[in-house]
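Presented sequentially are two complexes of chain A, the first with chain B as partner and the second with chain C.
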Partner chain A sequence: MKTPQALTLSRVFPANAFESDKGRGRVWSKLRRDKAGLLGLVIVTVFLLLSLGVLFGWLGQGWSIADGGRWEPMSVNHWLGTNLLGQDIFQRAVFSTRTAFEIGLAVSLLSTLLGALLGALAGWYNTKLGGNWVDGSILWLMGVLDSIPFYLFVAAVAYALQGWPWAMHVAMIVTFWTTTGRLVRAEVMRIKSRGFVLSSRAIGLPVPVILIRHVLPNTLHILLVQASMAFVAAIKTEVILSFLGLGVQDSVSWGMMLAESTQEVLAGHFNNFLTASFMLFILLLGFNLLADALQDAFDPRQASL
Partner chain B sequence: MRIILHNIIHGLLLILGVTLISFLLMVWFGPDQTYTLIGKNATASQIMEVRHELNYDQPFMRRYLDYLVELFTLDLGASNSSGEQVNSILRRTLPVSLALMLPGFIIGNLLGIVLGLIAAFRKGTWSDRLITGLSVTGMSISFLIIIIGLQVLLSTPYGLNLFPVRGWQVEDLSSYLAYVTVPTLSLILVTLGYNTRFYRAVFIEESSREHIRTARAFGASPATLMWRHVLKNSLVPITTRIMFSIPLVVISGSLLIESYFGIPGIGKVSFDAITSGDQPILKAVVGLTAVIFVLIQIATDFIYRLVDPRIS
Partner chain C sequence: MKNLSFRVPLLVLLLALGACNGGDQSTSTEISHSVYRHSMDGAPNNLDPARSSNIYANFLVVNLYDTLYRYKYLARPYQLEPNLAENLPEISADGLTYTIRIKPDVYFIDDLAFPESKGRLVSAQDFVYSIKRHFDPQTRAQGAWLWQNRIVGLDDWKANGSDYKQEITGLRALDGRTIQIQLISPYPQLVHTLTQGFSAIVPREAVEYYGRELAIHPVGSGPYRLLSFNTAGAVMVRNSDFRQEPFSLENEGYDPASQSRYGLEHLEGLTPPFMDRIEVEFIGEDAARWNAFIAGELDFVKAPVSQFDQVLESRNPLVLKPELAENFHFQATLESGFVHTDFNMDDPRIGYHPNPETNARNKALRCAISKAFDWEKRNEIFYYGIGQVFPGIIPPVAPEFNPDQDRTSIIRDLKAARELLKSHGWTADKLPDLEIGFTSSVTERQMFEQFRSFMADIGYPRGKIHPLTFASYGDYAQAYLNREVMLMTIGWTMDYPDAENTIQLFYGPNATPGSNTANYNNEEFNRLFRDSSTMLASPARTEMYRKMNQIVIEDCVTISGISRKMILLWNRDIAMLPDRSFLGGHFFRFAGPGKANFKNRQEE
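On to the complex of A and B.
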């Protein structure tokens, strides 16, 4: 909530005047008061620790061992029962945390990076009168990528690069960057006429240095929120691609477990389905809450909406 | 006039880009069908013949230009695997997909608008918090989980067992309702969170405008305020969202729903075409979606200019 004083001030000095107090301290203190956001942070941290445990070989290592019977119920040996092949569902669910973070981090980091760079370039070279070829072609590329039905495109990329373990990641990175790109472009167009940018141009810094050292750090609030949203989108898309048979290879993921379960549930075996759904839901909820809290903390104008 | 011309050129460039990328991806790097079409022990000349029939021996530009001509004359050729004309496949599958997706699409948007209005209107109260909380929850559930869950709960002996498990044998209204209910509910549930959040933000933005405050000061009742002032003035973002999501929901959404429930619509046909390398179908689906998408973009822009003189 804005105080009456801030309201009057914001009328006198609209928007930009408050940029100076957009410091880290204020963001963090706002984040700390956001209970839902903290819950999100806790959930994400727990899952991150879990995935590190898998990465270092402490957890979930028995995911592919088929030492149980088909569809065993819960027991001391197999905490959440076994699947069709007699593999331990608990182990598989835990191991999948690592898969989820691999996909989520790779896709969200790279797509955000790509969006930041191309968006900043487009915004920098935008002349408002139109006609600059850099801005024009980046905009055109975004328009083209957004006009192709998403799943069809991802499926086609994943299929064209089939057999290559990163096909799915590439498909998602190539499509996910456009949203970040548009937002960064708009923000760069806004800040490129501000004092610090003009002065760095005046002292003759080369464009890449200005963009990377001075302009992009000021879009960090967009990048953080977009990255956490891309993480959610990546994991959700992995589920769909796994169901369509284009997902991870030689590994296990919650999407693969759900795809397996589509046949099992009709025969009344729900352990695979419930376990994977639960893990997936909690992690996505955590990331969504975190993304919301970040958005609120960074962007008071949006937050008051 | 200049703006319209500019839009059309812009649209044509977009169509060129989309067709080029999809052509590269799905045709040039797509699966090679030569060896699925001829049997074992083919001679070199037989192989050459099949490749010639499939146009595989033509240079890239030639094949791409042929594709553009096919697209604009709507002469889309015949499917490689079944031999059926692509036009007749589209005529057969498109109505199925529309009948399958439209109810969920419409109800999902209407519910989203209603919930968004309630949340925006009671911003900050417990009902707003409940609605936004449920939206975030809905956004965190995977499409596949919703489909499997609803199928188990509604169509199997483990749940209510009211509807057929899968398939699409529609003859009359009651069989249509039987087959369409579970997919429709899934589509509503999966889109409702996103829709509600989007519409809530739109309505809150609109109700913070000065003219709403003025209307309130003049004593307009809450209902008139919401209905006449906020909703009507938000029609531009609402129509944009709906227009732009139609092609994407119909193609992308039906891809998953139809594959899951085994429904012979356009989504299933295009997915099968990706995996089997049936290029004529793929080229038609992607190309036509792109064209429709660009046409919608031009049309929306044009309508705005007619409706809202502020846009220039």
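On to the complex of A and C.
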């Protein structure tokens, strides 16, 4: 049985559009009408299935076996040919999908979570109600991190922690959360004066509860879009770091395939380069289309469209 | 008539212009062929001889400064040749005292460091001073190891505060031109050390005048002087005061049968250095270096392995593609060193163990790993199949190399490897986790993956072989010097053509942080090394070297080895025989214009 206060709160001060069934229906309806967005969703789903196939051991398990000749052309045995060591390029490309999703998911989830929490804290304590030092400290930290050229910073963190399998993940999480943090902070500053938040405070709910139960759910539209963008950025960054030798340690990724291909291209062998580039391009295209569609669907300014 | 009168002067004018153009061409030919444009795949770290610790620096230093000795330009195997020294040293009967006279009338280049900017005479005292610098902590020198614990009084001089006024018993200038070196015990490699850039002769005035800037402001008496130097390249111009020593093919060890194709004969009797200007470009990126060479921006390149398919018509025999052969000379030469993968004998999981039974099992494991290693495939994939695989630690370029040595240790034998594992109780679940150290470059990672696939063939689980990557070679070296790496692949370039230089890599007292990265310690090996280290080259010494080589092979301390082959290409317009080995940069002075261009110059 619901309490009278809760009933009052939800009826008198409805949260944002996404909170309600009607809002969710509208978002999904807009998403369904966005053909490019749907294409993105299909692409991402296909890649997700590929990575699950790798995870469960059904696909790409022979990525490290060097049973072919050097730089073999496409054949029945090696659909996309082999690399310098005689490893199957197709298997390596498929296995790299898992690497991409593993890094993309870990980095996007954790950086978004970190950005949401710190952004919410900063936004909440921006007023005179709390203490401004929290907001000031978090803003200062964001400013410091943002002032360092992104790739330089990520490469430096990855370099410093090299040898540790999660070095690259940490490097990206440490740098990616700030954008989410800024957006969430602004959103929290906006919604904290809304009636449902004021009511929560009026009935004496503690700040963490208000933030987690009432404030953060209302930033979900930002978090979803930011997470999808962080996913894309994480995959791209992984490719760059792996290309520089600072990426995955004991696995294979498209970045590593591209790094290998620098020597192969010189010798006139393009299979590694084209395969890794194509896979990367298609997945990033899919994610970008999906992220754009999500952004449009959640944008209240386009609600009437 | 009017028309004709107009056309005649026009024709004359055109002819005159044509003649002018022809004159310009001959001038540009002369200019272009008095310049030699060299490429290097790395940059010098420092041009101060005491700190010139990489091969790129050594290349330039031996041209900017004088060393007492060098190797003959064309003789192979390498033979010592006096450079600034007048003759080979006089060595006392006990092999402890070396007396060397330097050539008269050799001057340092004119420089602000000298009074009135006028270069002064090079003296024996300069040599003494230059060696002393290595033992002065303020120099932060990197070549002291060559003479450490070798010369009487030199280490004490350092311990007593490196006072340059203090004389050293074992390192003296008897007069302006005579050097005397007294050794603590015989050191047959001493003269070889005097060919290296580390031993180059520096005037004290320049050290005091430039201080740390000596790194970029060399003041020597070599065949060239520095015009400019930065991270992209260096330009050297002929030292017009360099001593007049006519070039003699015979004296330099010319072999007409193998070297006549390089067109060096027309240089006979001329005085080196032949080129007015040497431009050296430091291009680390293979593709960029190769493209610059093909575009005609460079006269010399070491072809990247990735280009071998495009460069070579056939591998056996090595034949250059006809379109390249038209324009370029080529030489395939073995490196003066080798690549080997050492087991860390200090690691009880794979090396020495206090329990004799475990110790024996570890040895069996090492031997099984060695037998599973496929040298043929390693050579084929990473060295285009033209590297030379050899058993043990005496590489083919060393005079003591034994071409008839038993090759069992480098032939893959999976059956024997599996039997070894089985007979010593090594099963998949009992095998230790192997950590292979390397710097994170594409090639090294691929080598690791290949190693793992080799081991998979004897049932070593893939999940038990792990990469231990390092961001830079410095970090990697630090780790293996701290004995933190289980298996490490190392390339060693010999400092002089004597197998002692590679054998010492396994001498017990040289264990890390010394050069014995395997931390190998075998009493019999150590005894043989001690006994041979004071012997002059002789069949008896060679026999001892070979015995040490066999001990290392039988103990399965290292998976060794391969000497890489380099394909060197250079412009046919340049008459020279380049060298990336012991002679190194000394060959610059002998690089001259090709015969055709030389004729042009003579006619002009």
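In the analysis below, the second predicted complex is superposed on the first by the 274 of 305 C-alpha atoms of A that agree within 3 Å, B and C clash if a C-alpha of one lies under 4 Å from a C-alpha of the other, contacts with A are read in each partner's own complex, and residues count from 1 in each chain.
In the analysis below, a residue touches a chain if its C-beta (ideal position, glycine included) is under 8 Å from a C-beta of that chain, and two chains touch if they have at least 3 such contacts.
All of these numbers come straight from a predicted model, not from anything done at the bench.
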Tell me the contact category for A:60 with respect to chain B and chain C: first, second, both or neither. neither
Quick one: classify A:70 as touching chain B (first), chain C (second), both or neither. second
According to the stated criteria, A:263 is in contact with first (chain B), second (chain C), both, or neither; which is it? second
Of the partners chain B and chain C, which touch A:159 in the superposed model: first, second, both, neither? both
Scan A:85 for contacts with chain B and chain C and give back first, second, both or neither. second
Is chain A touched at more residues by chain B or by chain C? B
Quick check on the superposed pair: does A:281 touch chain B, chain C, both, or neither? Answer first, second, both or neither. first
Quick one: classify A:255 as touching chain B (first), chain C (second), both or neither. first
So, A:104: does it touch chain B (first), chain C (second), both, or neither? neither
Using the superposition on chain A as set up above, list the residues of chain A that contact both chain B and chain C. 159, 245, 259, 262, 266, 268
If we count contacts the way the header does, which residues on chain C are in touch with chain A in the complex? 286-287, 290, 304, 306-307, 309-310, 380-381, 439-443, 445-446, 449-450, 452-453, 456, 462, 466-471, 475
Along chain A, where are the residues that touch chain C in the complex? 64-66, 70, 84-87, 159, 162-163, 245-246, 249-250, 256, 259-260, 262-264, 266-268
Chain B contacts chain A in the complex at 13-14, 17-18, 21-22, 25-26, 29-31, 136-137, 139-145, 148-149, 151-152, 156, 158, 165, 201, 204-205, 208, 247-248, 251-252, 255-256, 259-260, 270-271, 274-275, 282, 285-286, 289-290, 293-294
Contact set on chain A toward chain B in their complex: 140-141, 143-145, 147-153, 155-157, 159-161, 232, 236, 239-240, 243-245, 255, 258-259, 261-262, 265-266, 268, 270, 273, 277, 280-281, 284-285, 287-289, 292, 305
